[in-house]
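Beneath this line is the structure, given in structure tokens, with notes to follow.
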Amino acid sequence: MPHALEEILYLIAAVCFIIGIKRLSSPATAVGGNRLSAVGMLVAIVVTLLDRSIVGYGVIVAGLVVGSALGLWLARAVKMTAMPQMVALLNGLGGGASLIVGGAEFLKSELLGAALPIDTSITIQLSLLIGAVTLTGSLVAYAKLQELISGRPIVFFGLTALNAVLLAAILALGAWQVVHPESLLWPFYAVCVLSLLLGVLVVMPIGGADMPVVISLLNSYSGIAAAMTGFVIHNDVLIISGALVGSSGIILSQIMCKAMNRSLANVLFGAFGSAGGTVTARSAEGMSVRQVSAEDAAIQLAYAKLVIIVPGYGLAVAQAQHLVRELADLIENRGGEVKYAIHPVAGRMPGHMNVLLAEANVPYDKLYDMEQINSEFERADVALVIGANDVVNPAARNDPGSPIFGMPILNADHARSVIVLKRGMGSGFAGIENELFYNPRTAMLFGDAKASLTTLVSEIKHVS
Amino acid sequence: MPHALEEILYLIAAVCFIIGIKRLSSPATAVGGNRLSAVGMLVAIVVTLLDRSIVGYGVIVAGLVVGSALGLWLARAVKMTAMPQMVALLNGLGGGASLIVGGAEFLKSELLGAALPIDTSITIQLSLLIGAVTLTGSLVAYAKLQELISGRPIVFFGLTALNAVLLAAILALGAWQVVHPESLLWPFYAVCVLSLLLGVLVVMPIGGADMPVVISLLNSYSGIAAAMTGFVIHNDVLIISGALVGSSGIILSQIMCKAMNRSLANVLFGAFGSAGGTVTARSAEGMSVRQVSAEDAAIQLAYAKLVIIVPGYGLAVAQAQHLVRELADLIENRGGEVKYAIHPVAGRMPGHMNVLLAEANVPYDKLYDMEQINSEFERADVALVIGANDVVNPAARNDPGSPIFGMPILNADHARSVIVLKRGMGSGFAGIENELFYNPRTAMLFGDAKASLTTLVSEIKHVS
Amino acid sequence: MLEGFIAGIVIFTLATFLGVALINRVPPTLHTPLMSGANAVSGITAVGAIIVAGSGNGWISTVLGFLAVVFAMMNVVGGYAVTDRMLQMFKRKPEDR
Amino acid sequence: MLEGFIAGIVIFTLATFLGVALINRVPPTLHTPLMSGANAVSGITAVGAIIVAGSGNGWISTVLGFLAVVFAMMNVVGGYAVTDRMLQMFKRKPEDR
Amino acid sequence: MRIAVLRETGAGERRVALVPDSVGRLVRAGHQVQVEQGAGQGAGFPDEGYAAQGAALCTTATDTTAHAEVLAALALPPAETLASLAPGTAVIGFFDPASGRAAALLSQYGLTGFAMELVPRTTKAQSMDALSSQATVAGYKAVLIGADALPRFLPMLTTAAGTITPARVFVIGAGVAGLQAIATARRLGAVVSAFDVRPVVKEQVESLGAVFLEVPSVAAEGQGGYAQELAADQQRRVEAAVAAHIKGMDLVITTAQIPGKPAPRIISAAMVRSMRAGSVIVDLAAESGGNCELTQAGEVVSERDVTILGPVDIAATLPCHASQMYSRNLQTFLEYVAKAGGFKSTLDDPIIGAMCIVKDGVARNGRPDA
Amino acid sequence: MRIAVLRETGAGERRVALVPDSVGRLVRAGHQVQVEQGAGQGAGFPDEGYAAQGAALCTTATDTTAHAEVLAALALPPAETLASLAPGTAVIGFFDPASGRAAALLSQYGLTGFAMELVPRTTKAQSMDALSSQATVAGYKAVLIGADALPRFLPMLTTAAGTITPARVFVIGAGVAGLQAIATARRLGAVVSAFDVRPVVKEQVESLGAVFLEVPSVAAEGQGGYAQELAADQQRRVEAAVAAHIKGMDLVITTAQIPGKPAPRIISAAMVRSMRAGSVIVDLAAESGGNCELTQAGEVVSERDVTILGPVDIAATLPCHASQMYSRNLQTFLEYVAKAGGFKSTLDDPIIGAMCIVKDGVARNGRPDA
């Protein structure tokens, strides 16, 4: 294949990556985006296989077959809940590949006795460093998430200092090799080993809950490693794709931190301040509640076919009736159906919910009595519980010891998923715990109902 | 200056352009963005001046001084209302420069008798074509806006076909020159002349109201021309900046078309279908109304210190009371103040506006009687008139012949700016024209009040 | 050589900015898929691995090349497949309404 | 030569995508300033003009070069100045609240 | 001008023609106002209020009207009062011009009379339009008394003791009073529908969140925004539609009027009998004959568990605000007249001229149907 | 169970203890229901409705109660009816347990009595809580009659005849009735404030968009969600705050009650005299002595142009829905009893036990303050 054609095809592959990544960031185009990116990868690999400089295909084909098969098997076997650690593992392998390519190039020149030009030399050192950190860092992240090792932050005194010293040593050794191309092999191995160690030590002190951010960051590193490899083997597609992944990975890490209301620095070095890491809300009996971001809740609502809204006293306290109406309108405009389930004793006076919803001009024919609506919860995609508590407490059905046992309740827990808007884990009028909030299908959106609904309304407008 | 340093400095300049253009697209950062971009330009020019290949500085300095002085003078002298045509003029000059550079390179090789390499040859032809079209196209746009020639679309039978023929001829001549580098001068001149003609003919059939889109498109062309010049003189910064401007210009043109609810094709070739082009609403007496986009209206509201809302019958018809309240809340959250001016006969029954706004829970203390509020309009940044008409009709004050002469009205026209939400130019209960709508300070946002308010609400959330 | 290196730097810079500009607003549900999809792209190092493995520079290159190809291909194939699986939820929903 | 040309094409492609990705949502009030600011950037052709004018290849180059420099500099200086003027309105407003 | 305000003498009339606030404004504009003692008592405006605003309080009616150029009234004052007035004195109030009774009496005593019913329905004259202001009160009050008489809730209530369905309210005649009734019933949470013969009203009804009962090709818009009588075929279609609709209603409020004509008969006895037990009809047109066949003005009629209220002078039951609004109308009119040169001057003005039914003892056109 | 429903005999009582819908549900659950002819007439439930739901209609009261195990009532039936019942028959209704009169009569005839006043105020028993359901009616109705008596509009209106300012409504005692009154007045557009001695109520008042009148360190929450009497110093602070606030009010609705005690006296005669002319007080506590010093139960009192209404049995004026709600409470109670094994079985159940004031002629605890 003429070199120019090769370059153009590489460029086309890079364009596929660019468009693919862009599309991956919106729900409506994500599937196609990922596939386009895969097509780009296929093009790049095929072009490479046709490269004139390749002399033997045996090893390559073996590697391709083995690698693809293993990859496919892993992807098939993994459980949906184990996705983050799988990404970590795969990412580590990518970093490892960059490390090896860099190392091989170095060793090749060493064997041939040819002095490397300075630019290649620098980028080889960087490939080694970044590739190695990505490899071991990702493996540690994998182990933490897979609970092979404890997910808790592992910190010891002087760790930060040690890491700094390690990094300095690696850089010094690398620089020495660049300046003395005729050098010995041991600094090369030292760089590799120290970098591998650095990867382990950098990820160890970070808690399991923050791993997704770390993985995203390591992903960015593996991109940069690939870009460095590109400099080493003078290949533009590697540079472009690597840089692309490198920068978008950092931005994504930042977005993820922002969604957790933290800074990147706080995630990376947070454990050194507070030894605890993030804590998830847990009830006395050790059950834990699942929180949801307004953005995710909005996406669920946007794609739901039937949403049943369960208003309660908290909605009245928050005086958020108009926002509920607006949210419902938005869902309906997207083609979803919205019904309101009015429990006879919701609120603090007979007809409280009626007054409230009438104020917001909710049409009467969308209000349903308990008897009318209870059978419909099963086909509801989302039950949106807003400031209600006792009236959706399953204890009334299950727990003969409960003071509300025997009271008919709204079957919000029968919906495919439940989103609860309340300020915290406060109890309702009856003053009792509500196990609905600990149901695995339930997600809590904490905050004053007015604030939460305002965010939901603005988020749902952005769901494409 | 060593070549590598030169290249790096050029890259820095390009980065300045990238960040500058990004910042220019948001109100909060636009000023800084433009200046950063100017710094980049300075860097690029200084680096070029230090280029080793430059032998004489006299002509350059003369050109720099004359060009800068003229540019500055033009920028100072132009009136704010004449900005679009000024941009057109400047853009045309940029295109002209690319044309000249391309031509000079061609003539140089011609003089030296050196055959041009194929890539240079191709890009020279493209510089000529695109530069020339930009030059004359921009000049025509300038002339139309400056009303040196009629702003109306100028179309004649066969124009599209003629343009197609012209373009084909240019491309053929260009290709011939690429293939026969040793050729004569006349095809070169022919390409230049035909391209200049093409620029004129392409812009002629487009109406004056659409010129901004055309200018943005020509701006994109001038970017591409610069990029081609970059290929000719083997300079990356030209390629990067040119491509940047080229693509962002096209996107901007599309955004502008979308804001006008039209397609780019419709703007460029629309005149061929309906000979009329766009028509601005004009009253019988030749006064014209000014329309405003929801986005602009939202920005005005977002930055206003005092907004007085004037509700009328149309608000009730649209049943958009809840949205008004929401809009007001958003303005208040940004620190603005909102008051409602209730005219005694607004609506169709006594107290109509009260019922309406009470439904939306607008606090009573924000409702003001005509007598209370009329003196406040003067200090209002925006009077937002929603579906009201007769109650803000200045004819009641000025026109003794009017059936409503003598009725006290709300002084909406005393506000610094007036935004009117109504469906069209329909009259109100009294059935008479309202000169407020033709007031230069008034901007109309046409559409059902509910739809307009929905858009305003979502736009104002995006104003940063 | 240096000329090519500088062109590389220019390309690297542009691609970096492009990466930043591409990712604007990502809903949290897409964080993991996007990360995973980008991760698959970083498997592009497979190109380098293939070149090393095919360069025929003795057994070291061959062994290392083989390893690199296996790692990189696991990253590529696994990455794309995993991403696709995660994205299934976005594929059916909008249609069946 | 061709090598450089292809690097140029790569750079051109990346910059084109970058331009597309940069411009997402522009409020209409900024349409004209943005257009004008981008227009000033397209005056980068001044670099080419200076090289032509300074190349000393006879009077044609000199005359054409002079013209090109004048045109391009008008575009550059006028463009930035005009944009800045248009943007004045955004400078004061947020402060005086 | 010298303006007199008397205590109204009608039975159940608690309103007063001018309230202290208006008196104050007129006094400050240079007029003199004489008020009979206790004139505002029934509406909650004690004498002190008038005195504070600069009115001269007089003990007797004759004292009050002595030297008055204008007598501001609500209803036509009794004959003896008219007799005591100097010829040419202007008397203003609701004079039922269609009946011609007021014109006869006023000309007998050589007076000048202005009927508030005849304020033109133009945007400009709206602030003098007392029919509108009193109809506003009537529409509001009609819902209150209807809701009070109803054995049901108006709003929907979901309670531990079962769900209460909202009441269905039907408003016939969606003029000023009808629209206000719609708004008030909607406020209370009822499901409201409405009917009118003027097609423009549909949009207005919907702008209040109620449903318009559409009857194909019925349109009877007369001049000045008033309705006309229906043609026979239209009448039949309306009857059929109303009969079908009214069966499911809990509260019906009728306000249909045609100026100068008896109120149109819209609800027949058979329709009433088709209604559900416990439903209520409030007929605001009772005074002019009633929109319902069974209505008796001023009485409560029960027919097969349907209650029919025919309140008269309903605005007088909200005396404070009804007086305040009427007073403002009157004040605006007086200011307008003063600006136009006083009552003695020309009647060319489109508003003053239209309202004048007697000029110095000579009866004039005035009637809307004339 | 064999359930009897009689025509209520109290003056002005138009409600009925069970409506046809409830009767149907009970019949379908296997109970027998005997209804006296015309029992539901006043509430708009004709005999045919009962028959259609499977009730046996009886012509006389004695026929109806023959063989009955349960007599479902509203008020305590007259002595002759009680005398005709078989000993051990269960009688259910509002029995004013605090007075002890009902317990005496019921034990005299060897009957079993359940007082609806004693339904515990728990989430679970809420569907039997007839006090709440009837208080809901009362709160709604209080606003309607108050608004009707007021010479002003409740809502704000900006009209061509001037701007009507919204009425200021003050609700004292924000329990079930008070909250409903707040909601209704807010619906009508009034500016509403409220006061209660239980601090939890503040949030509830605000959840209805009204303003809570705060009096520092006043808190008198008793057991079961009811209020207690105030300590003397608290009482003084409340008095001062109410006196200052009430001056500017147009409509005052009082609902304050303390179970088993006379209603707290909150509005003194002096406060009434400080109010504006034309203002209105609706005292829902009239039956237990009134929250206002000048209230007379069942009468309309006028003091210096302030009108004080002391309606009694106000729920009976909305007979259809009041009966429907009461009936649903009773039905739920009967179903609950049947599920628990019938009246003959144990009184250990926290709800049934609490309500029983007489068991087979023996008086029991029952009183909330006991």
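A, B, C, D, E and F label the chains in the order they appear, each numbered from 1.
We adopt the following convention: a contact is a pair of C-beta atoms (placed from the backbone, for glycine too) under 8 Å apart; a residue touches a chain by one contact, two chains touch by 3 or more.
Just so it is clear, the structure is predicted and the values come from calculations on it, not from any experiment.
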So which chains count as neighbours of both chain C and chain D? A, B
Comparing B-C with A-E, the one with more C-beta contacts is A-E
Determine, using the mean of C-alpha atoms as each chain's centre, which chain is farthest from chain C. E
Could you pull out the chain whose C-alpha mean position is farthest off from that of chain B? F
Between chain B and chain F, what's the gap in Å when you average each chain's C-alpha atoms? 69
Computed distance of Cα centres, chain F from chain D, in Å: 81
Could you please state the distance in Å, as a whole number, between where the Cα atoms of chain D are centred and where those of chain E are centred? 73
Chain centre separation in whole Å, for chain F relative to chain A (CA means): 57
Give me the residue numbers in chain C that touch at least two other chains, ranges are fine. 2, 4, 7, 10-11, 13-15, 17-18, 21-22, 24
What parts of chain F, by residue number, touch at least two of the other chains? 126-127, 132-133, 136, 155, 157, 159-162, 164, 187, 189, 209
Give me the residues of chain B that touch two or more other chains. 14, 18, 22, 236, 240, 319, 344-345, 350-351, 355, 358-359, 361
With chains as vertices joined when they touch, what's the shape: line, ring, star, complete or other? other
Kindly provide every pair of chains that touch. A-B, A-C, A-D, A-E, A-F, B-C, B-D, B-E, B-F, C-D, E-F
Would you pull the chain A residues touching chain F in the complex into a rising list? 313, 316-317, 319, 344-345, 347-352, 355, 358-359, 390, 396, 403-407, 429-430
Per the touch rule, the chain F residues reaching chain B in their complex are 155-164, 166, 189, 191, 209
Considering the complex alone, what residue numbers of chain A touch chain E? 342-346, 350-351, 353-355, 358, 361, 364, 367, 369
In the complex of these two chains, what residues of chain C are touching chain D? 3-4, 7, 10-11, 14-15, 17-18, 21-22, 24
Chain B residues touching chain A in their complex are 319, 322, 325-326, 359-361, 458, 461
